[in-house]
Amino acid sequence: MEPGKKIAVSQASKSGLPPGTLIHVGERDPAPTHVRYFVYNQSFAEEISPDSPDTISRDPDTCTWIKVSGLSNLEEIKRIGELLSLHPLTLEDILNTSQRPKYEDFDNYLYLVLKIIRIDNKGNADTRDPSPEFKKDISGTIPDTTAQSEENNSIASSQLSIILTDRVVCSFEETDSDIFDAIIRRLSDKKSRIRRYGPDYLMYALTDFVVDNYFSVFERIGEDIENLEERIIDGDNRDVMEDIYSLKRNLLNIRKQVWPVRETISGLIRNKSNFISEQTGVFLNDVSDHLYQLNDILESYREMSTGIYEIYLSTLSTRMNEVMKVLTIIATIFIPLTFIAGIYGMNFASMPELQWEYGYPAAILAMVVTAAIMVVYFRRKQWI
Amino acid sequence: MEPGKKIAVSQASKSGLPPGTLIHVGERDPAPTHVRYFVYNQSFAEEISPDSPDTISRDPDTCTWIKVSGLSNLEEIKRIGELLSLHPLTLEDILNTSQRPKYEDFDNYLYLVLKIIRIDNKGNADTRDPSPEFKKDISGTIPDTTAQSEENNSIASSQLSIILTDRVVCSFEETDSDIFDAIIRRLSDKKSRIRRYGPDYLMYALTDFVVDNYFSVFERIGEDIENLEERIIDGDNRDVMEDIYSLKRNLLNIRKQVWPVRETISGLIRNKSNFISEQTGVFLNDVSDHLYQLNDILESYREMSTGIYEIYLSTLSTRMNEVMKVLTIIATIFIPLTFIAGIYGMNFASMPELQWEYGYPAAILAMVVTAAIMVVYFRRKQWI
Amino acid sequence: MEPGKKIAVSQASKSGLPPGTLIHVGERDPAPTHVRYFVYNQSFAEEISPDSPDTISRDPDTCTWIKVSGLSNLEEIKRIGELLSLHPLTLEDILNTSQRPKYEDFDNYLYLVLKIIRIDNKGNADTRDPSPEFKKDISGTIPDTTAQSEENNSIASSQLSIILTDRVVCSFEETDSDIFDAIIRRLSDKKSRIRRYGPDYLMYALTDFVVDNYFSVFERIGEDIENLEERIIDGDNRDVMEDIYSLKRNLLNIRKQVWPVRETISGLIRNKSNFISEQTGVFLNDVSDHLYQLNDILESYREMSTGIYEIYLSTLSTRMNEVMKVLTIIATIFIPLTFIAGIYGMNFASMPELQWEYGYPAAILAMVVTAAIMVVYFRRKQWI
Amino acid sequence: MEPGKKIAVSQASKSGLPPGTLIHVGERDPAPTHVRYFVYNQSFAEEISPDSPDTISRDPDTCTWIKVSGLSNLEEIKRIGELLSLHPLTLEDILNTSQRPKYEDFDNYLYLVLKIIRIDNKGNADTRDPSPEFKKDISGTIPDTTAQSEENNSIASSQLSIILTDRVVCSFEETDSDIFDAIIRRLSDKKSRIRRYGPDYLMYALTDFVVDNYFSVFERIGEDIENLEERIIDGDNRDVMEDIYSLKRNLLNIRKQVWPVRETISGLIRNKSNFISEQTGVFLNDVSDHLYQLNDILESYREMSTGIYEIYLSTLSTRMNEVMKVLTIIATIFIPLTFIAGIYGMNFASMPELQWEYGYPAAILAMVVTAAIMVVYFRRKQWI
Amino acid sequence: MEPGKKIAVSQASKSGLPPGTLIHVGERDPAPTHVRYFVYNQSFAEEISPDSPDTISRDPDTCTWIKVSGLSNLEEIKRIGELLSLHPLTLEDILNTSQRPKYEDFDNYLYLVLKIIRIDNKGNADTRDPSPEFKKDISGTIPDTTAQSEENNSIASSQLSIILTDRVVCSFEETDSDIFDAIIRRLSDKKSRIRRYGPDYLMYALTDFVVDNYFSVFERIGEDIENLEERIIDGDNRDVMEDIYSLKRNLLNIRKQVWPVRETISGLIRNKSNFISEQTGVFLNDVSDHLYQLNDILESYREMSTGIYEIYLSTLSTRMNEVMKVLTIIATIFIPLTFIAGIYGMNFASMPELQWEYGYPAAILAMVVTAAIMVVYFRRKQWI
């Protein structure tokens, strides 16, 4: 297996090339390509060596799952494309990871694109270990994926393409994540539905995993919102505006990835592809429900972020009012007093008050009375 | 009846499990499960013991209402699911109480999910007594449910799932509320429509109760809005912004629960399920009308909450203006006067005015004139 | 005719009662019930005594208009309901005056609900005289309904239910208004279309009256908007914000009543009820046009109210700027001058300037120059 | 020809009259009625005297254009209505010039209502000369219509009703404008499409003129927007807010007139009236394109007006900041200095510094140092 | 080839002319017209001289691409229109470059209008060299089009009209750009799809180029947004508001050009024109996907620009607060101190404190204590 060319170019730089030119287009450098083959039916399940001549079993009662992760090896991906007779535009879409979630129903296969989303803690994104080894007898444990909850999260998304034919599911993950390890594990369980139902159920299972994963991301965003609310109400305004803006960007980002999935899955159910049985349709309906829930939550989050901005703005205004009030009270009380002192500081030759015995105490009294009037006035205004 | 496992997990933590795994998913710990069986037709109505072998009567002219409240006993719920031949995904939805309101039309039953909403007075939510005992001859009184109207309300919702077959209605309430006591009471009345019409009418009656209950919640929200309006217009701005924000959250929350009910009931009417007679359809239409009314009210509330925010913002601005005006007037009048006093406080050897006989009164006069000019100017500006 | 029970309860308090329970639900106490019977065809028109045995003529060429105003007499309304074989839910909707405008097409009748809206001058709402006596030979004059235009209007709406059968129109007005007197008068005119066309035309005529009446209300709102605009541009900001908010509430209120009427009438035209002839359909189309016009106006009003809020906000800001400018100018000019005076007010033993012959004029000159520089600077900044 | 009654009443004041009552309803007094008759086919084109017995030619190969301008002569308009067998509601709509743009397809004619919009320069609206004389041989020149571009424009609209039958086009203009002179001129050109195609093409030509005219109005609005932008960026804020508000009102006004035209023309094309040939449909399509363009422009204008408001608001804020900065700098520098001067202005018997030889210069030095520190601080803050 | 009339008039000035009058209407002067003819099929590809008699080959297996750039030569364009039997309205649309993107399906051809958008660096727009010479054997290199990224960009758009018949593609570019050089180059490649597929594929290729080009423009806008964000967060507010406004205008502008393209291409796919094969439909689907992506990005940009405005507004407010705080602190500390100094600056004959030995230090101490209290107070308020 020769390593492919690692060229990550932006969508724009592909401009001018004929359609079907295979170049990886995405926001990150392509990960190295790993291909695994799983062959199973109700009675057995095996991982086949990639060098095996029969990677797609000829037995019509057998399903094959080709799990590709990392899109750098263009040769290998092209080979798989030929194996499954994919349209050049499909291959191009698999490699161009800026696709909008969608499905396309070709004569010989169904093509589905989704986005796996993940919250990154500032740059530590792709440092996870590769997925654990898959044993020949298909078993294992779910690896520990404790997410560290830190302040300034950003949303990372990677593309998942799924090809579904009569007997084959082929999944292309942009990065080398371990998200589907639980599915591999479930494959080893004879009684699991994946084994009993066809490849369309496997496609559903992958989709369900991706969508279930959205809930984790949403929970994190929900916590961010609650943190922000608390900080503002506690009067801690440092960097709040930056965080509100970053929250809004994250929500925009998520919406871009999640919103079209709803339409995609709804369309898939409505338009009744040949590759999806009615039995599996019921399960896809359940995924669709979840996507409606997610969209409701997303809409709420968006409105809450607007509410947080409004409360922040009014906090700024309130604080300004408070500052102004102190200035006004102090200045307004002392300016007239200072004026009185100024009068008796004048050096006129004849100022009778200055010679009075009780002139000084009288002046002080005048000041106290003036101040008292002010204070009473401010009390009435409810400023102090 | 064995007590079930009490495991309340969040939607996200279920990620990775195969569909149909029965775990209670919700925001609160599951309440203990109570199951009651009511068997009735036009001529009789009885509550059956849960241990009775014939909980679902074999008599084809008889309806059965299985009323389940509390979702902790997974075994029991699973048993009922098998009794009614429910799809595993339906059972899962019943237990996962974060469903969006919806209905699903299966071959052998109709599944409807709604949300019961309630206004909580800060944490005293679930302290109500369990529903009053149901007597064998089905009668009773509506319990006293005087709601205490306190300041900072929050919306609590619990899930109601209804299964409707040819002869059975099975309702699953997330919490153990007494909302349906009036229906139980009505069951004992031979002339009530519930007795005369089929199980679809019972399903309608339950739905109607839930929707009627929304009106109470909306009335409370309406009172909150009027309180806020009054406080702002009276100039009492303490914590107003927090309350506006909390109002908006409540509205968002309610909208999430109530909005989809309209589409759900409309869809149910439009798509003419086999389990719902035309006679009952007319009644569902009435519920649909109420939901349209509720949505109109909700939309008004939302716009009023925006209006309240705007009036609050402008109040802040007005108040600031008022404070600034006082400062400006005082400072602007006294600063020049103090300057005049300052001049005659200078110690120059030759300042002829200081020696004039009427120098001091002249200075005072100059100050009075200056102040008068200022006052006239401010009057013209309409600042005082 | 026995007086009915006067019980006005809110929508929420009806919760728990079986559907079809006849209780008046509305925002005001129900008005006393008056029922009048008009029998007419192309050749004659008479008002029948309510005690007459044949209130609904058996002659198939004759139309009957039952005009009910005031909903307090539940017995009487129930009796009419039985006479026309109304569905219990229809009777309930007639009595529950918080209906959303709608129509319902039953087998034996068409049910239409509209809202009559009126601008109230602060509480003087229901003090109008009862409608003028209807003479047996049906004639009369339009009573004088000069509306007093006062400052703070609020919108009052009352419900109008219309039942249309083959030969009967039955209208239920929530309050006892004289809005339909002109129609009664027109009934006496042999050549009027009401006489020549069927009962569906009468229903159209009632609807047309209600919708024409909306234009008066809209004109009043338009005047309110123009008043507000003028006051803000003239700089009279007293209570402006309260009035903007009250305007918005009125618009919300009107929208809730008028918006759904458009859909209702459009639906009525589109769905071609058996009770409405094609001939009358053309006339309903004209009403529909008016409702589109009204919605356009309403939308404009809503955007104008937003514009008024924006202009008000910016007025507050501008005014603040102006106040600040005066303060800044005065303070900035005099603070340095006062400082200079302060210097020469110091009591140091050796301050040579104090002994100079022209020290005092020189100090005054320094002040004048300083002030002049300031003034020039502010001129350049275009602050003065 | 007898002059009709000149009664312009508002929409609301018509309330209570039976439909079909012919009263002119509009915002202005009705203009005097002028009726002109043009008879033409491919081989000839003549203006017929209104007193001619054959105003509508009986020759089936001939088209007639009845051009009515001014709606005051009710008798004459009624006569034309009878001539063309118009429905009473159509006649009413022609006279009630507050119609929303729409079309109605009757059995014997097509009725189309549009709005001619024009920018008025403050009250000089209707002072144009009447349209130039139409010569019997139909020829002429386009009159000079140089519009004066002045500051505060307002939108005036007048109603155009078009009746289209098999062989007749009848246009009713609310005011007596010369907008269609170019069409009259074109009529005299044998090779023009108007002559070669049927009356539906003439209706298209009138519509096209009205829509082309919208572009002029839009260009004027576009110039207003650019003026506003420039003024705000140049810092000239006088009356800006009033102009923004007036711009928004104009846009609202235009939208009310232009928006529904798009739907109207689209509907006309889609619903394929019998009176419109396929050949003319292609031309109407072109008008529809223009209306889409206009709506795009309108939407842009609306968003630009919002943007202008935002930039204006932030300008106010920025300016306030600038004013505050100057005040802060001056006050903050001089207040401590004045305090120092105040200290040495105290009259304590024993203040050793006062007796020092270099006390005065030392105090001055202290002041300079204090001022310098302030200046450095403000520099760092980037305030100066 | 005779040079045509160079008359660029605005849309409005065309008002009054009959449809089909050929005048160039656009925002810029028309560029000189260049026409090139390419004839090709799978076995050969040649550029034909425009003077050749057979510019459109009679061989039914041959495709012809007529590439027109610059619209000034009306004669030439009219000649091509006759050659292809174009409807006069189509010719008019080609010349009127303010079209909204759209397609029209005529009997004998398909007409498609798109907009080529480009970011201009302030006025240096049209200074590029004309497209490189096209050699007879069709080959070449992509010219260097390094765009200079400068601060204040504006969006320029030019119109591209495409006529598609059975065997001919005719493209009309408003300006003389080199955007299609890569396609010309590809034409020389025997194995390229353009050669193998029909003229509909060529039309797709042109469209694809235009849409790919949008991505470059969007990337530039995205960079502008990031620059703005950084500047605001770094506190560099100079001209930020102007740049936000300019960004919004650019987004509005782009939306006007790009938004309708999506509907256009979707409609083209949905309505299955005779001129487009199913094979090419798949490729157009890919373009449609890209347009959905672009619209998502655009919507994000719009919301981000709103977010940037909000963060800017709150920055202004925060800065104001900061300025006010400094003023308040300094003034509030020194005003009372100056008042104390003022008291002891009074000249009363009997002020005992003045004679005390430690009067002066005591006064200083009083001042220090007063100042200290203030500082503590401000600390508590968290102002310093």
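Labels for the chains are A, B, C, D and E, by order of writing; each one numbers its residues from 1.
Note that a residue touches a chain if its C-beta (ideal position, glycine included) is under 8 Å from a C-beta of that chain, and two chains touch if they have at least 3 such contacts.
Remember, predicted model here, so these are calculated numbers, not experimental data.
Engineer: Looking only at residue numbers at the subunit C/subunit D interface, is the share used by both copies over half or under half? Answer same or different.
Structural biologist: Subunit C vs subunit D: different; shared/all numbers falls short of half.
Engineer: Compute the distance, rounded to whole Å, between the mean C-alpha positions of subunit A and subunit E.
Structural biologist: Averaging C-alpha atoms per chain gives centres 28 Å apart.
Engineer: Where the centres are mean C-alpha positions, what is the separation of subunit A from subunit D, in Å?
Structural biologist: About 45 Å separates the centre of subunit A from that of subunit D.
Engineer: By the touch rule stated above, which residues of subunit C touch at least two different other chains?
Structural biologist: Where subunit C meets two or more other chains at a single residue, that happens at 313, 317, 320, 324, 327, 331, 335, 338, 342, 345-347, 351.
Engineer: Considering only which chains touch which, how would you classify the arrangement: line, ring, star, complete or other?
Structural biologist: ring
Engineer: Ring order, please: subunit D first, subunit E next, then the rest.
Structural biologist: From subunit D, continuing first to subunit E, the chains appear as D, E, A, B, C.
Engineer: Which positions of subunit E touch subunit A when the two form their complex?
Structural biologist: 142, 182, 186, 192-194, 205, 208-209, 212-213, 215-216, 218-219, 229, 233, 282-283, 285-286, 289, 292-293, 296, 300, 303-304, 307-308, 310-311, 313-315, 317-318, 320-321, 324-325, 327-328, 331-332, 335-336, 338-339, 342-343, 345-351, 383
Engineer: What does subunit A use to touch subunit E in their complex?
Structural biologist: My answer: residues 10-12, 14-16, 18-20, 87, 89, 92-93, 98-100, 102, 104, 241-242, 244-245, 248-249, 252-253, 256, 260, 309, 312-313, 316-317, 319-320, 323-324, 326-327, 330-331, 334-335, 337-338, 341-342, 344-347, 351, 353-357, 359-360, 363-364.
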